[in-house]
Structures are given as C-alpha cells and as structure tokens.
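Below you'll find a set of structures to go through.
Here come two complexes built around chain A, the first alongside chain B, the second alongside chain C.
After this line comes the complex of A and B, so read on.
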C-alpha cells in the first residue's frame, strides 16, 4: 500500500515537472505578446514613456530554459524592433540604433524579424547621416526579404 | 550450606531458591555445570518425560514473560522514507529540466504584403516605419499564436 502511494506521488511529481517546464515557455511567450498589446494601448493614449517601459521590461525577462533558442530569438528580436521603431518615431536615432544593434546581436535568421532590425538600424543610420552604413543594412534586409519571397514562390527549396 | 548449621542464612536461602527455579526451567542464574548435572539425574530417573501439569505451568510462565515484538516503523524510518522520496522527486525534476529544448516552432510564412512593406521601407523615400508596423501586426498575432500552441502542448 505504501509502495503504491510512493509510486503515485513520484508519477505526479514527474508529470507536474514536465508540465511546469514547458509552462514556463508558454507563460514567457504570453508575457511578451501582452507587452505588445499594452504598448499599443499606451501609444494610443499618447503615453510613449509607458509603452517604452513595458517593452523594455519585456526584453529584460529571462528566457525559460526549455524554450527553443530560435523561438526565443524571434520573440526577443521582435521586442527590440518595437523599441527601435518607437525611438525612431520619437526622433531618437541613437537609441533606435542601439536597440536594433542589440537585437541583431541575439542572432541572425532568415526571417522577418532579423530583416526588420536591419531596416530599423538602416533608418537610424540614415537619420544620423551615415548613408553607407544605412545602405549596408538595407542590403542585408533585402537579401533576407528576397529569400523569403523566393521561398513563398517555391523557388527556395529544390 | 553447612549441614552442621541449624539455620541457613538469608543468602543461602536465596541461592537455593534460584537453583530450584533454574532446575525447574532448565536454565537461569544457576551455574551451567550444576544445571547439567541436575538434568542428567532427572533424565536417568524418568528419561526426560515431562509432567503435563508442569509442562502447562512452563508454557504459561513462558507466555507471560514473552513481550510483543517491537514495531519497526519509528519516526526514523518515516524520516528516511520521506528523505528518499524527496531525493527521488528532486532527481526526476532535474532530469526533466535538464533535458533537451523542444524543436523550434514552425512559424507561419510571412504574407506578401509584409514582404512588400519591408522592401518599401528600405528606400530613402520611406521616412517612417509605420506602414511596416501596420503590416507586421497581423503577422505578429499569427506568430505568437503558433508559439503559444507549440509550448502549450
């Protein structure tokens, strides 16, 4: 009887641990998504500082261990892009450049999110008068976009 | 005891009583050699036959002295069991936490409108990123939906 109870407890603990491991990633993703929604609301109310604070706080949240690194990069790069775009809209190219560069340091993928960061940094460099730097970033963004277009048209894969 | 003595001393009486009790039961505080001798004499007399009344008396005496077996499940056993269970649970948790991360989510393909907005944003004519942001919004919703589904399983 005692053995059966012990085995049941162990199985329950294992199930709970398994659930909590991915539950952390799910919560983290939901938290980042919520940050975008709250930032949208604050911006609609004209509260730029509030939106900035919410997005910045979301970038500082540690990624749960059980999150795939590629998924984590996508989520974090999107948050960085939001902040870079927000700073550009406030005519703060230095800050925009800083957020875009920090986002690109998280990794490079052939996806919309990496391309967006190149575009945001290109815009910031353009505003700072660095035309050649901006061209390089636009070029890198276009390479990704072209690859995505090819893929959507079925040219990317043999 | 000296046969010439008239009255045995208290000590001698106690010794005699102990020996009598030991002879009765075959063991006890009396010297083993004396017990052995007594047993041999008794065997020579009746070949070890035991009187039923005495047999019953011996059994009753043995039963009255017998103590119930001590229960082994003390607080120590419970503590060790709880510790073992906790250790096993912790090991299970560690094994699951340190396992490999799940595969990357299969994100939805970006819509053509979003890719077009990206291309337009790379030109100097595009002063703002707002058009790109507007096209990105629905795609972001789709991406987060995929991620939540992936990790919510």
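After this line comes the complex of A and C, so read on.
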C-alpha cells in the first residue's frame, strides 16, 4: 500500500512539474507579447528609447527549458525583427542589421519570421549601399514566400 | 482500513492539489493564449492584401517595419503560433489526436480549396520583392544582383500563373 502511495505521489509530483513547465513557457510567451504591447505604447508616446529598452529586455529573458525550440525561435525572432524594424525607422541601419542578423542566427525556418528578418536586413544593407547583400536577402525572403505560396495552394514547387 | 483510508485521502488531496495548481496555472496563463492565437509581429498586416513598398508596416511596428512587410502567416502554413499554446485544451490535456486530425483536415482542405486571399497576398509579396531586387539591379552594376532580378521576375510570373490557375481573377 505504501508503495502504491509513493508511486501515486511521484506521479503527481511529475505531473505538477510538467504543469509548471508548461506554465513557464506560457508565461514567457506572454511576457514577450507584453513587451510588444508596451513598446507600442511607448512608441505612441514618442518614447523610442523606452520602446527599444523594453524590447531589448525581452530578448534577454531566458527561455524556459521545456519550451518547444521552434516556438522559442519564432518568439525570439519576432522580437529581433521588431528591434530591427525600430532601428530602421530611426535610420540606424547598422543596428538594424545587427538585430536582424542576430535573429537569423537563432535559426531559419520556412516561415514569415525568418522572411521578415531577411527583409529587415535587406533594407539595412540597402541603406548601407550594399546592393549585392540586400538583393541576396530579398531573394532569400522571396524564396521563403514562394514556399509559403506552395503550401497555401497545397502543391509542391513545380 | 484506517491506513488505507489515509492513503486514499492523500491521493485525493494530491489529485485535488494537482487540479487546482494546473487549473490556476491555466487561468493565469490564459492571456498568453490570446496573443498566441494571433500571428506574431507583422502578422496582422499579413492578412491584408499585399502591402506595397513603404506602406507595408505591421500594426505593431507602426511605421517602423521594413518597406516590405511580412508575408502571410498561419493560413499560408508558416510557423505562426507557438505550438505549445495551441496544442492544449483548456484543461491542460494535450490534444494530440485532435491536433493530428485537425492537421489532416487542414491539409485536405488546403488541397481542395486554396486560401486565395493568402495566395494572392503571397504572390504580391513575391512580386514586390522581385521589384525591389530589380530596383537595386537598376542602380548596381553587380552581376549577381541582375541575376537575382531575373530570377525574381520569373518567380513572380510563375506565382501569378499558379495563383490565377487556382483562384481565378
């Protein structure tokens, strides 16, 4: 009986741990989302530095261990993209390129998050007069978009 | 008997604790599910028809977005949402079977009825990007840029034919 009780306790502890890990991931995603909203508010008030700070802090938050790696990638890439876009709007292509590159270093997928980062970096490179680099990034974004179109139409690439 | 009752009691108490803890967790985390059900940054704009250069900013970026805004997200099959949020029911139980069935259904639907709004939007994005590359090619003597322009134009034409074939217009 004691063994049964112990096993039950262990199972419940494991379930609680799993539950807590899931909550950790959800909280982390919520935090990232909140950072976007706060940044929106700061920008609406003309507080660009404040928005930048909030977004930067969000990128520095450690990802909970049990978070699905792809989820972690897209959430973090989205923050990086946002920062790159912010820096572009402030005519700071060096910083924009840095954020976009850092975002791409988190991984590359056939999705809008990766495509956005390529476009942001392409814009930064274009502003810096690097036509070749910019065209390469735009082209990479184009290929991702084409793959998304294939999926949308439910067909393979011809 | 007494001991047995104790174990049962412990079991029930722990089960209740688990349910309360997880239940509370779900409630606290509930706001996270709302953002997760929306596309992430840039994606709100993605549902709109293809933005032209310099107008295509995401709602969130409010003008800070790059000239070429993000491409369509979820409907196009991109990794739009953190999956850990989507895969759970309100009670916290994984919905693997339902998830698998939903995906099959989505696949079947996408084969029979393409999402034409997304498809046209993606086609527009492809052509916008091709135009952007060709603008660069017009200002650059670099051969690789010209090659990308040419490739982009062909892909734009191909995308146009494919979407037209599937969706009309």
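Here is the rule we use: the second predicted complex is superposed on the first by the 140 of 158 C-alpha atoms of A that agree within 3 Å, B and C clash if a C-alpha of one lies under 4 Å from a C-alpha of the other, contacts with A are read in each partner's own complex, and residues count from 1 in each chain.
Methods note: a residue touches a chain if its C-beta (ideal position, glycine included) is under 8 Å from a C-beta of that chain, and two chains touch if they have at least 3 such contacts.
These numbers were taken from a predicted model, which means no experiment stands behind them.
Q: Now for A:132: first (chain B), second (chain C), both, or neither, which partner does it touch?
A: The answer is second: A:132 touches chain C but not chain B.
Q: Between chain B and chain C, whom does A:43 touch in the aligned arrangement: first, second, both, or neither?
A: A:43: touches chain C, not chain B.
Q: Contacts for A:33 in the overlay, against chain B (first) and chain C (second): which applies, first, second, both or neither?
A: So A:33 meets both chain B and chain C here.
Q: Return the chain, chain B or chain C, that is in touch with more residues of chain A.
A: Greater contact footprint in residues on chain A: C.
Q: I'd like to know which partner A:115 touches here: chain B for first, chain C for second, both or neither.
A: Both chain B and chain C are touched by A:115.
Q: With the two complexes superposed on chain A, say which partner A:65 touches: chain B (first), chain C (second), both, or neither.
A: first
Q: Applying the document's definition of touch, where does A:148 land relative to chain B and chain C: first, second, both, or neither?
A: In the superposed model, A:148 contacts both chain B and chain C.
Q: I'd like to know which partner A:89 touches here: chain B for first, chain C for second, both or neither.
A: Both partners, chain B and chain C.
Q: Which positions of chain A sit in both the chain B and the chain C interface?
A: Residues 9, 22, 25-26, 29-30, 33, 36, 67-68, 70-71, 74-75, 78, 85, 88-89, 111-112, 115-116, 119-120, 122-123, 126, 138, 141-142, 145, 148-149, 151-152, which sit in both footprints.
Q: Would you mind writing out the residues of chain A in touch with chain B in their complex?
A: Result: residues 6, 9-10, 13-14, 17-18, 21-22, 25-26, 29-30, 32-33, 36, 65-71, 74-75, 78, 85, 88-89, 111-112, 115-116, 119-120, 122-123, 126, 138, 141-142, 145, 148-149, 151-152 of chain A touch chain B.
Q: Which part of chain A faces chain C closely enough to touch in the complex?
A: Counting only chain A, the residues touching chain C are 1-2, 4-5, 8-9, 12, 15-16, 19-20, 22-23, 25-27, 29-30, 33, 36, 39-40, 43-44, 67-68, 70-71, 74-75, 78-79, 81-82, 84-86, 88-90, 109-113, 115-116, 119-120, 122-123, 126, 131-132, 134-136, 138-139, 141-142, 144-146, 148-149, 151-155, 158.
Q: Write out the stretch or stretches of chain C touching chain A in their complex.
A: Its residues touching chain A are 3-4, 7, 10-11, 14-15, 17-18, 21-22, 25, 28-29, 31-33, 35-36, 39-43, 46, 57-58, 60-73, 75-80, 82-85, 88, 92, 107, 110-112, 114-115, 118-119, 122-123, 125-126, 129-130, 132-133, 136-137, 139-140, 142, 144-145, 148-149, 151-152, 155, 158-159, 162-163, 166.
Q: Which stretch or stretches of chain B touch chain A in the complex?
A: 81, 85, 88-89, 92-93, 96-97, 99, 101-105, 107, 109-110, 112, 114-115, 118-119, 121-124, 128-130, 132-133, 136, 139-140, 143-144, 147-148, 150-153
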